[in-house]
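There are two complexes below, and they share chain A, which is joined by chain B in the first and by chain C in the second.
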Partner chain A sequence: MPAFKTPFNGYAVKFSPFYEQRLAVATAQNFGILGNGRIHVIDLSPAGPIAEIAAYDTADGVYDVSWSESHDSLLVAAVADGSVKLYDLSLPPTSNPVRSLSEHTRETHSVDYNAVRRDSFLSSSWDDTIKLWTIDRPTSVRTFKEHAYCVYSAAWNPRHADVFASASGDCTARIWDVREPGSTMILPAHEFEILSCDWSKYDDAVIATSSVDKSIKVWDVRNYRVPVAVLNGHGYAVRKVKFSPHRASVIASCSYDMTVCLWDYMVEDSLIGRYDHHTEFAVGVDMSVLVEGLLASTGWDEFAYVWQHGTDPKAP
Partner chain B sequence: MATPPNPTDGNPQNPVPDAVNPTTNAQQEADKGATKEPSIFVNTEPIREDQVQNAIKFLSHPKVKGSPVMYRRSFLERKGLTKEEIDEAFRRVPDESPSVATTQPAVVNQGGQSQTASNIQPQAPIQSLQPVTAPTSKLGTKFHWSHALLAVGVLAISGAGTAVVFKNAVVPRLKSWIKKVVHEDEKEDVGNETDRKPTPAEEAAASAKAAAAAAADVARASQDMLASKTEEKKYFGELLSLLDVQVQEMKSMSNSIRKLEGQSYIAGREVQVTNSRPPYTNGRGDYDARSARSLSPPPPPPPAFVEPPSATPSHPKSYMEIMSMIQRGERPPNIRDINDLPPNPDQPVSNPRLAPKPKPWESTQSQGSSIYENNSNGLLDNTVGPASMYENSAPWWQQKNVRISEVEGQENNKTGGGYNGGTGVSERPVQRSSWVPPQPPPVAMAEAAAAIRQPKKSQQQLTDEQFLARSSEVTDELQRITKISESGGNAAVVDGGDGGGGGSSVVMNASEIQREEEGSYYEASSVET
Partner chain C sequence: MSNFINPKIGSGPPPKPWERAGSSSGPAPFKPATPGSTSDVVEASGTARPGEIVQSNNTTSTVNTLGRPVPPRPWEQQQTYGGAGYGSTLGYNSGGYGTAGGYGSYGGMGSYNSGGLYGNSMYRGGGGYGGLYGGGSSMYGGGMYGSSYGGGMGGMGMGMGGMGMGMGMGMGGPGGPYDDQDPNNPFGAPSQPPGFWISLMRVMQGFVTFFGRVAMLIDQNAQAFHMFMSALLQLFDRSGLLYGELARFVFRILGVRTKGNKVQPPGPHGQHGQQIEGPKGAPAGAWDGVWGNNAPN
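And now, the complex of A and B:
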């Protein structure tokens, strides 16, 4: 399993929904505190090392990246200067970025592309807002401003085209419907900042949140006072959660304890895998939609790993 | 509600998610949140009166009234109140604008003290409120200030008093003691000379002279000391300034060295990144320009002479080093000035080359997904390599570890939930096309069951193991069955139950298998659901 060395500290990694061998890696210099950023687009090869097919430099760090669900060559990037940038791989590098949308007044922390409608995406920012965009418009379609602190993550529901969830540093997660003026549900999910949220792909009412309190909680929005499951095991804040696209109750998570863990929340002993290949904070994790069991992770140790569940990420 | 403006281009590929768009609702096949059905993502709980009462008590507290509305809302949200309950509480609490609140601080303070006493019983929200502690501490601090003033005054007066007392009482005593000492010395001298008998006046005069001389000596000595001290201070100051100058020079030199080292490191990094294909970088890499961010003051200009860059690239600094640099106001030296704006903001996005693929969780028909798989294979040919590579041996990222399939088998026996891989890797291609568990078989009528049983008597002797071994065949059959049932085949099943001959043979298999059940079929199905 090859690894990809990035010159900057890794922040996010995403599989392409079109090409099973393609990934995008978002990186930021100087741990994202202050410095440039770079987006790498890499291809796995059946026998051999990872090849980089494109790299885009940005003036500020890139905190997140998301692939378009409608265009196989389009990337959306969340940049620390508050802008959202669009990159087109099929255009020459001198024509990139194709768009730079600067409306957030603070760092943009995450972007998520709508997998159902395939035409719109969300950006969440440290300015407490979430913005809805479409590819064809130069300005945002909607701004959702209700959180009292940084919004660390926004995630579309995989089955309901207009529903999304957000996770914020104000210790609440919110469910939104773009057809409604404000949030439709408020989940006081944790006692500490909530860093990430993700929907279950197979049960459209189940959502997982991860927090600074080192736990992952799984909620059913129909009965949201009590979590369905509480997954403990990480030693530090859990930075990202991702539901598996292939197995209904499997969750992948990465944490500041430098590990990537795999959980099955329906099982008594939920932890089904733990990978400690990173030597610094593990900050980004993703599971491939096209290849079952394929995981990718990146961290501040400037490495991006791609491996099959059950194998050793660092094996050659 | 902020209604988004209508788009000027009516691009059919991008349906705008407006509030009123009935066509999009029709497009969503799996969307249960259509306008007709109530969405599951909405609170259906009624307003809890006890929570509203708690919120009202919280909001009525004077210190809470002084806080921004946003923080009040956020606090109540964190305590688990729904939007409706929070809105209701805000409605019920008497409205008080922020300007009015500032004119009533005096009244509120006195009232606040009595209220804090009565609010000691209360509910958790107020007890855990930090603003409650703030007012008491604030009032306390006011007292502290006046206390402090009083104390300072008292100290000053006492100090003055002691100074006066000291002058009036202690100094004369000292003088007299000095005189006594001198007098004793003189007495000794006098004692040696028995003739002389000095008068008290002469003695007093002599002692006074001695005292005066001593005092003069002391004064001169202290003056000398003062002079030397000032001289020392001067020298010390000069030394400090010299040191400062030297430190500045050294800082600037180290900055320039770091910059040069940084440039060589950047050059080294670019070489590393180049792989089989050259990377595409946008913008221009200006190695000499500085970044345009104005977060921290710019570094001092480099000195006139430049040392040659070092051979080894500098190591990336650790997190703590970067943080301390930022806090000191320094810029990390490896930041480049990059222009990342779009060269053409109206650049049209290129057309997609691939159709979007269905997701594994979407309940599409298998035919649809197989079409996409064929397409994807064809297009992958263009981009990656010969199709034979994929047919003969799957790339390493597709090959699952044998160990894992066994583990998963065990897990499925344990969990029985959510995973379709009961029969191992071989079933994966089938699973890709989102197998949906069949509808629970309907209860068949006894005559129909009897009629079915006779022609297929041989199958009654199937044992459990054989049945599991045939589970893959069963799966295929059941897939066909589910398709039929999905496409409205329920009527066919009913017909089969009634007439016994109306339904298709496949449907009869379904009910026959149900007869066979005795647990073996249901075990298999429960594994797969």
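And now, the complex of A and C:
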């Protein structure tokens, strides 16, 4: 499948949960250090180039994007100026963003939409906090402040409406229940900063974390003293980790070593695929919920790739 | 606010593949989910605090269960070193490494650290950001950022494995209040065009943000730092300063006497005198290993 060239450096890519051909790509100018950002919404076509449906400019880089699970046209974006912006594809560009939520005092680094209850989303920020938002309110519902350093990622449990996990630079991953005042579990998961976390879609107690220590660790939160698996193979910090929506033990990851890897943590030779199509840091990866084996990645080489596992991402 | 998104949930996306599968393999680790909307559930639990604004520094009082020192954030250094760089001719260094004298308001100075460039342990060990931000703590100094006295001096020293390199900028000027309006904010009236000092303050804030984000990238991975430095070196390279000359220049600033020709790297023919004056050969071949062995260029 052809690649999509973005004018800025890619930061995140997400498949739409509604349409199998649709993706959103978050980008930031100058590697996200200084400058503007842009969100691209693209459509794949079976034969032919990738078509851009919409593009939204922001005054600062966009670090992450998440599709709404309740409205097929709604997007949530994490912007480097600390704001969380909502975009509605069904409205004209002049009406977008439909909402700009400015409560974080530092860069917002991730957003995640609740796929179970479908009325709320999380944002995590360099101000050490995670905020819970609902789409019917202009302010956050509550703030989770326990991490001692930047929170790089927060992810809802795909099987439990009230539980989520967060990954932070304070070297811990924490499990939270929105009904509890504090975190319910603290996993000192790595010796170095944890950049990403994700839940297994098939076991609501299994979580994966990725870290600056180049490893991915899989944990069972019922017994988190030792990891279930440690996946080594990346040459640099692992920027994002994502469980497959289709296979219980398959994990995709992308790294500063410019590769995207596919793992099966249940088998001994856990590395089942390595793609080195990016020529700069690979910082965004996603797996399609609707098409099994369909992967997407983006990176600082200003390309977003979509490909079927086992095929060459660069193949036309 | 009138343009609420209709909270009524539509038909929803197609069912997830995992919804067809059974649940987890053991006792449920969590309390069962409460029915109802998220806001109702949170409010019923008594934990809701709508619209709470948290300054990042406020959370440092929370329990750090690891007992491990957490590195200071780059932007926090403006508190630690607020105003310290003002008019100074010395470089400040947060980690206890040596510094070289600066040059008045130019602020460009080289700092050096001893190894450990790519190891995150370098600042995990409690040494602070010492080497990386070496000479230029005053970059984040109060004089530069929002001070009403101005005259701040910025410098950012970068150490790399024994070679010091300076990059700095001097700036100053009286400060003033500045607003930080989001140009993309769909609510609220268009603001007045900013005045000169406000624009200047914004530019300065941009500098702080810039270095904060570079620092975060370094934090996440030293390779990003490598890339940043490569870009910087290429810049110098293009401007005609080759590596060797640059190194010699920096050494001279640092007061280190170099003996360029004492240890020659073995040439292709093993002969002295046939050395081609090139960027890499100049200071005793010591620069070949600067970036480590496997770092791509």
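Definition applied: the second predicted complex is superposed on the first by the 316 of 316 C-alpha atoms of A that agree within 3 Å, B and C clash if a C-alpha of one lies under 4 Å from a C-alpha of the other, contacts with A are read in each partner's own complex, and residues count from 1 in each chain.
Criterion: contacts are C-beta pairs under 8 Å (C-beta built on N, C-alpha and C of every residue); 3 or more make two chains touch, one makes a residue touch a chain.
Remember, it's a predicted structure, so these values are computed and weren't measured experimentally.
With the two structures aligned on chain A, chain B clashes with chain C. Once chain A of one complex is fitted onto chain A of the other, the partner contacts of A:P46 are limited to chain B, with no touch recorded for chain C. Residue contacts after overlaying the shared chain place A:V230 against neither chain B nor chain C. By the touch criterion defined above, A:G293 reaches chain B but does not reach chain C. Judged by the touch definition given at the top, the superposed model places A:S70 against both chain B and chain C. Shared-chain residue A:V306: touches chain B; no touch with chain C.
Shared-chain residue A:V212: touches chain C; no touch with chain B. Of the two partner chains, chain B is the only one touched by A:P93; chain C is not.
Annotation: chain A residues 17-18, 31, 33-34, 58-59, 69-72, 74, 85-86, 88, 97-100, 115-120, 132, 134-138, 141-143, 148-149, 157-163, 170-172, 177-181, 184, 186, 188, 201-202, 204-205, 221-222, 245-246, 248, 289-290, 292 touch chain B in one complex and chain C in the other.
Put simply, chain A touches chain B in their complex at residues 1, 5, 7, 17-21, 29-31, 33-36, 44-47, 49, 51-60, 69-74, 79, 85-86, 88, 90-100, 115-120, 132, 134-138, 141-143, 148-149, 157-163, 170-172, 175, 177-186, 188, 201-202, 204-205, 221-222, 225, 245-249, 264, 266-267, 272, 288-294, 300, 302, 306, 308-311.
By the touch rule above, chain B contacts chain A in their complex via residues 1-2, 4, 7, 9, 11, 13-17, 19, 24, 28, 30-33, 39-43, 70-71, 73-74, 77-80, 82-83, 269, 272-273, 275-277, 279-283, 285, 291-293, 295, 316-317, 319, 322-323, 326, 331-332, 334-345, 347, 349-354, 356-357, 359-362, 380, 383-385, 389, 393, 395-401, 403-404, 407, 411, 414-415, 417-419, 428, 431.
Chain A makes touch with chain C in their complex at residues 17-18, 31-34, 58-59, 69-72, 74, 80-81, 83, 85-86, 88, 97-100, 102-103, 105-107, 114-120, 126-129, 132, 134-143, 145-150, 157-163, 169-172, 177-181, 184, 186, 188, 192-193, 195, 201-206, 212, 221-222, 235-237, 239, 245-246, 248, 256, 281, 289-290, 292.
If you check the complex, the residues on chain C that touch chain A are 1, 3-5, 7, 9-10, 12-14, 16-18, 21, 23-31, 33-34, 37-39, 41-45, 47-56, 58-60, 62-66, 68, 70-71, 73, 75, 120, 124, 182-187, 206, 209-210, 213-214, 216-217, 219-221, 223-224, 294.
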